[in-house]
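For clarity, chains are labelled A, B, C and D in written order, and residue numbers in each chain start from 1.
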Amino acid sequence: MRADAVGGAAPQAVEALARAHRLKPWELAPWLAAIAAYFLFPSYLPLGAQILIAILFTLSIDLILGYAGIVTLGQSAFFGAGAYTAGLLAAHGWGEPISGLAAAAAVAGLLGLASGAVILRTRGLSLLMLTLVIAEMLQEAANKAGDITGGADGLQGMEVWPLLGHFEFGLFGRTAYVYCLVVLFLLWLVARRIVHSPFGRSLTGIRENEARMHAIGSPVFRRRLVIYAFAAALSGIAGALLAETTQFVGLDSLGFERSGSALIMLIIGGVGRLYGPFIGVPLYMVAQDRFAQADPVYWDFWIGLLLIIVVVFARGGLLGLAERLLRRRGRKP
Amino acid sequence: MSAALETRGLCKNFGALAVANAIDFRLERGARHALIGPNGAGKTTFVNLVTGALRPSAGRILIDGGDVTALPQAQRVKRGLARTFQLNTLFRGLSVLENVCLAIGERLGVAGDMHRPAGSRRIVIDEAYAALERLGIADEARRPVRELPYGRQRLVELAVALGLEPKVLLLDEPAAGVPSAESGVIVDIIESLPADIALLIIEHDMDLVFRLARRITVLVQGAVLVEGTPQEIAGDARVREVYLGERA
Amino acid sequence: MSAILAAIVSIAFHGLAYAMVLYLISVGLSVTMGLMGFVNLAHGVFAAAGGFVMTRLMNGYGVPFPLAVAAAFLAVGAGSMVLERLLYRRLYGADELSQVLMSVGLIFMSVAAAKFLWGPLAQPMTPPAYLSGQLDLGFRAFPAYRSFLIVAGAVVVTLLWLGLERTRFGARIRAAVDNRRMAQSIGIDTGRLFTWTFALGSALAALGGALGADILAIDPAYALEHLVYFLIVVAVGGLGSIRGPFFAALLLGIADTGFKYLLPEFGAFFIYALTLAILLWRPQGLFGRV
Amino acid sequence: MTSRFGVVTLAAAIAAALAAASASAETIKVGVILTYSGPAASLGDQIDKGMSLYIKEHGHDLPQGVSLELIRRDDTGLNPATAKRLAQELITRDHVNFLAGLIWSPNALAIAPLSAEAKVPTISSNAAAVNLTRLSPYVARVSFTLWQECLPFGKWAATKGGFKKVYIAVSDFAPGHEAADAFSKGFKDAGGEIVDSVAIPVKDPDFVPYLQRVKDAKPDAVFVFVPSGKQATALMKAYSDLNMKAAGIKIIGSQDMVPDEELPNMGDEPLGVITVGTYSNAATRPANKAYVAAWKREYGDKTPPGFMSVGGWDAMAAIFSAIKATGGHPDPDKVMAALAGWKNPDSPRGEIMIDPETRDIVQHIYIRRVEKVGGHLANIEFETLPMTKDPWKELNPPKN
């Protein structure tokens, strides 16, 4: 590294940074795999659609945790808000799916903006508990407002119209899968753009060293709030996708378990990497699905073991492990 | 003419403990000024008050004649105030070049942009690279900061602050933790800074202070003991007693 | 009027008993998170283990209640030392997220293991005859077991404080909590200190789990179900504090009970709203260091 | 990174291939969706054991050459989205002929529209949401509804029970509200007075503050609905801690409060508690004695059978009879026709029937009291309300 630095480094260092945002061929791999899965495993499409939704949800956590360093256990608040928004619209006569997503994004984003403005002044454990507490309060409110939300029975009577007026959400989940895949792809493009923008770089700066960001004149609070609200909107869209494709919304959409398991999936894949969710979520959900079918009673034991193995052998998630291996290989010759 | 930086009656209490006690201080334009004092004299607290990391209990802070007491840190930076830290405070996981780019991006007001890729603004990267070249660390541009030896990181610390093109620069023990063989580089860089930057150097190392500073303020127990030229300070009996005496 | 007074006394009393259990379990978590910087979400596993050991000894082998509690305390303390050496130690100083992942993995495994060993049902906890029924104090009667809980809790709290204030072990812990680097530099073997502190915290959790089995029933999912409450106590009390969780548990235990009594329709909101308010007012917790 | 993703998909592919290979033509498949993990795992355990026991005892009754395969799936608790996906997969991937199980009403309500769309006969072994059978013509229920239990219980409490003033304390979720509404209507119609009511958050571990309110109001009795398990145990502890028995306040409720499998864990506190229910394992009916004996042979003494297990048993009984009635070719519409009016005089809980109009169960409703029999607590049935229909469906006729 040093050898090449002396002479040709000037262009190299600058060029590398200037090109960091360009799409690399391997970045298309997950998408090709997802398209292939549609044709290879037609009977797994319902699980596939839920995996895609979970990826979107986990991606939203990655943006705030992995890039802005905001630890949260309450992201389900926004997921649930989005799910209920789309669900209530569909139950009251407006079942158009795409505008449902937009409404969900708006509601969840505003909720993120409002709650973020209050809680983002805190850090660490306090912030973690505040996010959790807000989600719990929202869930309790949804339970209390049984007349509107259906309470613990879940929201009944959603009627989602065919997608683009043409494609029914059928039993086999084909429409749902394609719909989720397209939405995820578009939002991934947006997220990717943000991550590589100066704004995204400054978020990384906040994660790496908040004190220094203040000292270089960065409006840290505002930056954190913006990404928090944006991630909330993404979570809301994920929630709306689940509501529309399963035609059902329950209190569990607001539950702490959803936030917790998304966090786990993200850590397995690798935090602070745009592709962590694409590795962690399918791995965890497919493993869970397989374990749960092989051993419906004690599958959690095997999932637990998997987590501990990841921690012991793949600190920084699987992508972190892969990166270390690549670097080691790069050093050897 | 207004001072580059001025504090009037600046106080800070932690409970019953006064860590800053009615500090009146003036940093003239283009000054080479040192702030010294024994351990626990409140030097770093003073820096934190001036930059806005701490809220004062009483008193006012003015930058270029404008009252900034109520402004958050970021706004003060926009008024031309920059600092370095006593302990390296850097983006350790990012490359040296990116560290400097972040500062320059904030200065140019492009850091809030969510649309255009960061890499497409060549002007930021080129400027950052040029800054690294001036400080002699361009060959480390692509390495993550955490892989650099501490002394080299000290230079990045300076480069980030200089990326803000400050009018007032607070240097909190710029050579702390650096082997004496390498500290010369840092001193050379500080000496060669543009004359219109007002420098306030917080320092323990007396050799450094007497080499760099043209005025010295001595802080003891949160209050200004005395201010003067190096010769005056060196000859002051009280300073010898509380400060130099302690060191002997 | 006297009926209202009786209700208030009753609420305060029951809230206090609940608070004692919360404190015993949470104090160890506060210390591991504050002193060792370890986010041990699996802390409730030790509390549950204490309950399982005690109920098994009492129900399965007819071991007397005091012995069963002591056995739970010691067995879980010893078991936690093994886990600390094998697993936790590897992750000291690792990033918080790895710690979260590891401790969640531990919860999952313990839930399945408990289900395998004890079955899915809650474990019955029958206090011994001398702690059952009502305890008549002349002016009014109190449930005997909850009275015992309050007394036992108070005794443990006192012992704990005395131990931390008066013993060398306590002084070392306090030194290490205040400034770990400094403690190391004056020759405190923080590795061993951590092991013992971890074991003590876990054993206390086991004690709380065992004694509190009458209020928080012992079942395989215990560690997961009550995690949020333990975390709230720690966050509100302040990390690394011994006193903080005590006052937090007291506040939350009594206020929670009181507000559920007064406004049952908003019962579940209250503890969250209180937590929200306290953490916004004092983000470092009631007794956390700034 | 590419290859890593590839490994995952490859593993999934192999698993799928294996799953497909294990299916064979003459097997009738029943997808069983229950909670096997998490806090409520004990409920899934009861129902699964009831089902397995029926298959063990009656497996030879199936038509020649027909075999039955249970495909078990864990819905992990109250989790409608997961339950719905599992049902979707059981239907599209495993091509099940029946769906059964279903503990949680929200999960069942989420699945019901699927059963209608895919025409898969679905038997609820527990989920009690009263409108469930209205959502799909392919759903039948062999458990109970809370209206079916609590409305007549309210009537009984105000008349024969001799209670004048009752306080209602129920868990703050849909079944709790249904139980409260049903009891309240029955009780008030028969001249009783409801003093007040309180809804208790489902997650709450401590019932003292709520019961203190009840105590302050000095009713004759408190009517309770809480989920069975430790909630019920915690409620009984709070009842005894507050010394409410001495204050002359009786505790009455639905069978969920004192399920047979939990009674051994509850100490002596529930003695004298009066509940309404559909099944007690202490009942002396021959069919029940045989059931309990078979259970003990199979599973030992550790966990006795409760009403949930009977829901599992009767679901299998219904499925077996439907298979027999359709000669081993369970066409969905023929199955539903066979189930309409299906009677089983030999259920452990006594005679049961599927109402041909509503596909809901018609059964005896028992009033029971907890008593000590041979050193153990037991729910002793002392009054029977014969062949009771779900009253809600009569009170709320279908809108169209």
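Going forward, a contact is a pair of C-beta atoms (placed from the backbone, for glycine too) under 8 Å apart; a residue touches a chain by one contact, two chains touch by 3 or more.
This structure is a prediction, so every number in the text was calculated from the model and none was measured.
Using CA-based centroids throughout, the chain positioned farthest away from subunit D is B. Each chain gets a centre from the mean of its Cα atoms; for subunit A and subunit B, those two points are 40 Å apart. Centroids built from CA atoms put subunit D at 35 Å from subunit C.
Look at where the CA atoms of subunit A average out and do the same for subunit C: the two points lie 33 Å apart. For subunit C, the set of residues that touch two or more other chains comprises 111-112, 115, 265, 268. Annotation for subunit D: residues 37, 41, 45, 172, 201 touch two or more other chains. Contact with two or more other chains is made by residues 140, 144, 297-300 of subunit A. Taken as a graph of touching chains, this assembly fits none of the simple shapes: it is neither a line, a ring, a star nor a complete graph. All chain pairs that count as touching, in label order, are A-B, A-C, A-D, C-D.
Listing the residues of subunit D that touch subunit A in their complex gives 1-2, 4-6, 8-9, 11-13, 15-16, 36-37, 41, 45, 72-74, 76, 78-81, 84-85, 88-89, 91-93, 105-106, 109-110, 113-114, 117-118, 129, 172-174, 177, 201-202.
Touching subunit A in their complex are the following residues of subunit C: 33, 87, 90-91, 94-98, 100-102, 104-113, 115-116, 228, 231-232, 234-235, 239, 265, 268-269, 272-273, 275-276, 279-280, 283-285. On subunit A, the positions that touch subunit B within their shared complex are 1-2, 5-6, 9-10, 12-14, 16-22, 193-194, 196-202, 204-205, 208-209, 211-220, 223, 226.
The touching residues of subunit A, counted against subunit D in their complex, run 26, 29-30, 33, 36-37, 40-41, 43-44, 46-47, 50, 140, 143-144, 146, 151-154, 156, 171-173, 242, 246-248, 250-253, 275, 278-279, 282-283, 286, 290, 292-293, 296-300, 318-319, 322. Those residues of subunit D that touch subunit C in the shared complex are 37-39, 41-42, 45, 172, 198-201, 203-206, 208-210, 212-213, 215-216, 229-230, 233-234, 237, 240-243, 261-262, 264-267, 302-303.
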